[in-house]
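The two complexes that follow have chain A in common; it is paired with chain B in the first and with chain C in the second.
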Partner chain A sequence: MNVVYENLSHSYGSVRALDGINITIGPGITGLLGPNGAGKTTMLRILATLLPPTSGTARLDGWSTSHDRERVEIRRRLGYLPQDLGLYPRFTVFEFVDYLAMLKELHDPRQRHRRVREALEAVDLQDVAGRKIRTLSGGIRRRVGIAQAIVADPQLLLLDEPTGGLDPEQRVRFRQLVGRLGEHRTILLSTHLVEDVSAICTSVVVLWHGRVLFQGAPAELRKRAEGLVWNAQEASSDAVASWRTDNGMLRVIGTRPGPGATPVEPTLEDGYLLVTSGSPTR
Partner chain B sequence: MSAHTPSHPSAALDAVANGRVPDSELVAHLESCPECVAYLGSKAKLDLDYAWRGIAAELDAPLPSTGERLLALLGVPQWLSRFTLQIPSLRPTWLSCSTVILVLATLVTIRLVPTRALDVPVVLVVVPLLAAFAAAFASARADPAYEIVAATPLSPITALFARLGAVLGANVVLCEVAILIAGNRLTTGHRLRFYSGLSVGRGTLALGWLLPMAAVALVAAIVSARWRPLAGAAVGGGAWLALVAVTAWISSDPVSSLWGTPAEIAYAGAVLVLAFLLGRSSARGFVLSPNVDFD
Partner chain C sequence: MSVSESIVARRSWTPIFGPVWTELRHLTYILLVLGVGVSAIVAIKQANVAYPTVGYDTGVAYHEGEILSAFLFLLGAWLAMRDRRSATTDLIASSPTRPGVVRATRLGALAVAGAAAFGLLWLIGLVSALAHGGSGVVDWVLVPDGMLGSALAAWLGFALGLIAPAPVAVLSAALYSGGTYFINTQYTHYNTHIGFQWLLPFPPLPQWSADLGYVPNIFGPHLVFLLGWLLLVGGLIVAAPFRRSLRTIASRTALIGAVTGLALATIFGVQLQAEANRYTVNGPNPVSWVPEYGQYSTGLGTPDPLIYPNDHRATTCATSSALRVCVYPVYGRSLATSLVSILDPEARAIESVIGRPTYVRMVPVAEENCGAGLGQAVLTEQYSFSYHYNLRGYLISCALPQLGQRRYAGFGGLPHDFPAQSAVALWLVIRSGELTPRAVRQGVASGTWASCLADLPCTPQYSEIFGFGSLGWTRAEIRVGLAMAAIPPARVTSELRELWPRIVAGKLLLASLPGYRQ
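Entry: the complex of A and B
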């Protein structure tokens, strides 16, 4: 499925959260990367049909979020994991996912229960299916959120900061899961963690103050920093960023800081820092 | 086991392999005949993983709650009853609190109205207040999982009517009981009897308490849909209390001014306008507001 944002803008009062977004996103896993307040959640909420755009349109395979009937078609194909995941504490895991499956038009009880079981197996929660949600840790609750998002086998999956609050082990398992899910779906994943994008995304959109600064493959973003990352004793005054690494040297992004500096392989984070440093608003 | 002899029940085994439940005779035969077990294994089309997943799913699936079973008796589909029963203002604790408040209001009304210590029956003032809170906390925003629920194909109008209808229905039952009790305990001929619902034959005034309740509930629902449940309850309840206070201050007969025919006609008009506004705003199904949900 293809997602198209056309001249999409959104304002919260006088604050402009999205400013003329024009992008097309195809199948695979796309990471929306940017700092807090960049507009990632707003982009996802508009596509999730929760928030009307101030101007412009968001479309899924031609269905616009601005048309009442087309919104239902989008919702039929959508799985959504919000950033602030609200669950019913007194429900069991199975009961909660089953409830959402009902609302997603899976009405035949046997078929629905089977789908719930499959969704719980996909996130490795089958052993806690009967436990009350209030007894679960944050990481497991997050997986319950993913289970409800995938229970109706959606073609579009929107995951808003899905790794927030997960410990490193849970994060790795989550990335494996999303990697599997992304083989046959369009997934938009918002994050401010470069590692998430580096680990699982097939494409990346860098957002900065409501504008798209970059769209392409993670490798392309990394390439942007080629020849501009150095190990040095000291940073030059015009360096984009510099920080001391565990070998005692400074890692410098920018022009060659001095004759003793040696070039190093850029990472995705270097590319991200370089791209965002070029923003006129910075 | 291609050379399956006539002494083995091939036809019955084939039927079992296609999903038929074996009878006790065949089960006994299988227990003593490894050849038939092997034959069945080779013929069975059953995917054991698939079958097990179905069994495990049914074991994990919760039984319908008492509320769901009661609503099922009324023909309400399970998805709608489970959706409706998630409304905070329909939880047993909420309804218990409402009942306690109504009991207190009824007692105060029975004690004080005949002594003329109060001009306005407290129970009639409390009823719209309860409805305002109940309607506000029945809005989509009061649902902890509202973002997830709003992203499902569930029709926003269906959701709205299910939530408001269920909450107002529950409140109507509770309030009617309270007003009936208050009306019956007061002296015969007291005007509260006129609003008690006993006098249906006397025309619209029999529903005197219902229209202001509906109007106040709709105000609360509109505000809470746009802002937050607490704001909805505060605006709806506050508007009603202000109306009662001002009327009690300026009118020599506040009961007639608040629940008399001209007031009822005004409430009816307000209900129509507010219901239209609520329906129109909810039809679009956007649960988030640019003024509230900045991110």
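Entry: the complex of A and C
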């Protein structure tokens, strides 16, 4: 499924969260990368039909979020994991996912229950299916959120900061899961963690103050930094960014290396920092 | 998993029933249990002080739906606030089920929970009635009416919970329940000319009869009135999320429901309000009612008491030589027999003076009056028949009209303007054997007598003597009463028979009584 944002803008009062976004996103896993306040969540909420844009349109395969009936068609194909995930504490894990499955129009109880079980197995929650949500840890709750998002087999999956609150092991498992899901779906994954994008995304969109700074494959973003990343003893005055690494050297991103600097292979993070720094590559 | 498996079933009722069932399983049961528990305890306590009938006891349980409503109101508010408080609003809103439908499922769950809770309360009332020997028939119309009233409370709470924070909902639940209780008990309790009480979800019980049901019979319009309110509240709740797309079938249906509800609530509300002037549609025409002590009571600021005419429905009777007591058949002969045994001593004393037995008949919810004529008295249904004390002095006060009026106005409500009647009353009480001259003299000698009459601290023993029913005596009246008791009864009764018309008219002076000069 294709997601199209056309001249999309959104303002919260006088604050412009999105400023004329024009992008098309195809099947696969697309990472929305940007700092806090870049507009990632606003983009997802508009596509999730929760927020009407101030101007412009967001479409999923031709269905616009601006039309009532088309919104329902989008929702029928949507799985959404919000950033601030809330669950019903008195429900068991199974009941909660089952309830959401009902609202997602899975009405046949037998088949719906099978779907719920499959979703819980996908996030490795089958053993806690009967436990009340209020007794679960934050990480497990996050997985319940993912289970409800995938229970209706959505064609579009919106994941807003999905790895927040997960420990490293859970994060790895989550990446494996999303990688599998992304084989047949369109997934938009909002994150400020470059390693998430690096690990699983087939494309990346870099947002900065409501604008798209970059859209392309992660390799392209990394390529932007080629020849601009150095190991040096000291930072040059015009370096975009520099930080000390575990070998005692400074890693410097910039066009003019300092004395004794040696070029190194750029990472996705280098590309991201370069793109968002307002450097000449921008 | 694939979408083509299509387990999606659109355009059916399935989307409603599944979530309704889930919501029902997860409603806060503690509120339901507490609501049923508290209201059932109050109902059982209240019903136990009245003569047991299935009709009255279940009526009491029905009326305690008022207490249950506070809990249901909170339950509705809790459900409405749940998404907001658990931050699941986005999850629910991003599902393809329209918000109006989600709300409809929750209203459905609340209606079922409210109706079930009321049904349980009513059943507890029924079991309680049977357990303590109640007989008679069940007024089935109370069940749907109470269920509608309960559902309405839950829906109103839900409506409030959608827009207000939790503290406001808690306060509103208290106001809702407390407000209806206040109107019921304080405002309309004895006022037969106001129809406002019929607009309450649970109309006041004092105007409910185990024989006749509500007098007037409001339940036709009251059921439709409540239904109208439910349609209005439910329609608005469901339609609200559609406000930007009122072209859908669901939104139009909800709006039509709300408008229909408004029309029904208005039309039948007006009709209910007018019922105040048709106080006894099941009984005699109110035109035939006559004021008992009209001018006298009006001067005291009390409502005009009316004598409920004999509707010939009190047909289950028991008799003694001085008394005939007839009650409604639902109360059974045992009540009539019990009343005869309680009232017979006074009836004998009265009969010795007026020369005829007293006829006591049961009346429905009309105000409690006894002056139905010479040798007649009426008893309302809501008497605590199981307590002998409540009926002590009753027939005597009925035989002496101004004293009967004092009973109606409440103790201390009337000045002692009829000392001859008071003194005769004391003599009748002593003659009936319910008080002894010695006990009266002891009370007077100890000074307790004055305290008791002034509602000051008064030992239980003397409270019973000097607060005999509604009778009470001044020192002079006691002196004459005791003097009369010292004279041979035959002589006193003979003299009183001659004086009786003037005594009853309140025109006889204390000095004219037989014992005055002794």
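As a convention for this text, the second predicted complex is superposed on the first by the 276 of 282 C-alpha atoms of A that agree within 3 Å, B and C clash if a C-alpha of one lies under 4 Å from a C-alpha of the other, contacts with A are read in each partner's own complex, and residues count from 1 in each chain.
Throughout what follows, contacts are C-beta pairs under 8 Å (C-beta built on N, C-alpha and C of every residue); 3 or more make two chains touch, one makes a residue touch a chain.
Everything quoted here is computed from the prediction, not taken from an experiment.
K.L.:
Check chain A with both chain B and chain C modelled on it and let me know: fit or clash.
P.N.:
Overlaying the two structures gives a clash between chain B and chain C.
K.L.:
In the overlay, work out which of chain B or chain C sits against more residues of chain A.
P.N.:
B
K.L.:
Using the superposition on chain A described above, determine whether A:64 touches chain B (first), chain C (second), both, or neither.
P.N.:
In the superposition, A:64 touches no partner, neither chain B nor chain C.
K.L.:
Which partner does A:191 contact after superposing on A: first (chain B), second (chain C), both, neither?
P.N.:
Neither: A:191 stays clear of chain B and chain C.
K.L.:
Let me test your reading of the model: by the given contact rule, A:30 touches which partner, first (chain B), second (chain C), both or neither?
P.N.:
Neither partner.
K.L.:
Is A:75 touching anything from chain B or chain C once the two structures are fitted on A? First, second, both or neither.
P.N.:
A:75 contacts both chain B and chain C.
K.L.:
Is A:84 in contact with chain B, with chain C, with both, or with neither (first, second, both, neither)?
P.N.:
Both partners, chain B and chain C.
K.L.:
After superposition on the shared chain, which partner residues are touched by A:203: those of chain B (first), chain C (second), both, or neither?
P.N.:
neither
K.L.:
Considering only the touch criterion stated at the top, classify A:129 as touching first (chain B), second (chain C), both, or neither.
P.N.:
first
K.L.:
Identify the partner contact of A:54: answer first if only chain B is touched, second if only chain C is, both if each is, neither if none is.
P.N.:
first
K.L.:
For A:12, using the defined touch cut-off, is the partner it touches chain B, chain C, both, or neither? Pick first, second, both or neither.
P.N.:
So A:12 only meets chain B here.
K.L.:
Under the contact rule defined above, give the chain A residues that sit at the interface with chain B and also at the interface with chain C.
P.N.:
Shared contact residues on chain A: 45, 48-50, 68, 72, 75-76, 78, 80, 82, 84-88, 95, 98-100, 102-105, 107, 109, 118, 148.
K.L.:
Spell out the part of chain C that touches chain A in their complex, as residue ranges.
P.N.:
These residues of chain C touch chain A: 1-3, 5, 7-10, 12, 14-15, 18-19, 22, 25-26, 82-83, 86-98, 102, 244-245, 248.
K.L.:
Quick check: in the complex, which residue numbers of chain A touch chain C?
P.N.:
Interface residues on the chain A side: 45, 48-50, 68, 72, 75-78, 80, 82, 84-91, 95, 98-100, 102-109, 111-112, 115, 118, 148, 153, 155.
K.L.:
Can you check the complex and tell me which residues of chain B touch chain A?
P.N.:
53-54, 56-58, 60-62, 77-79, 82-83, 86, 143-155, 283-288, 290-291, 293-295
K.L.:
For the complex, which residues does chain A have touching chain B?
P.N.:
Per the stated touch rule, the residues are 10-13, 15, 17, 37, 41-42, 45, 48-52, 54, 68, 71-72, 75-76, 78, 80, 82-88, 92, 94-95, 98-100, 102-105, 107, 109-110, 113-114, 116-118, 120-121, 126, 129-130, 145, 148.
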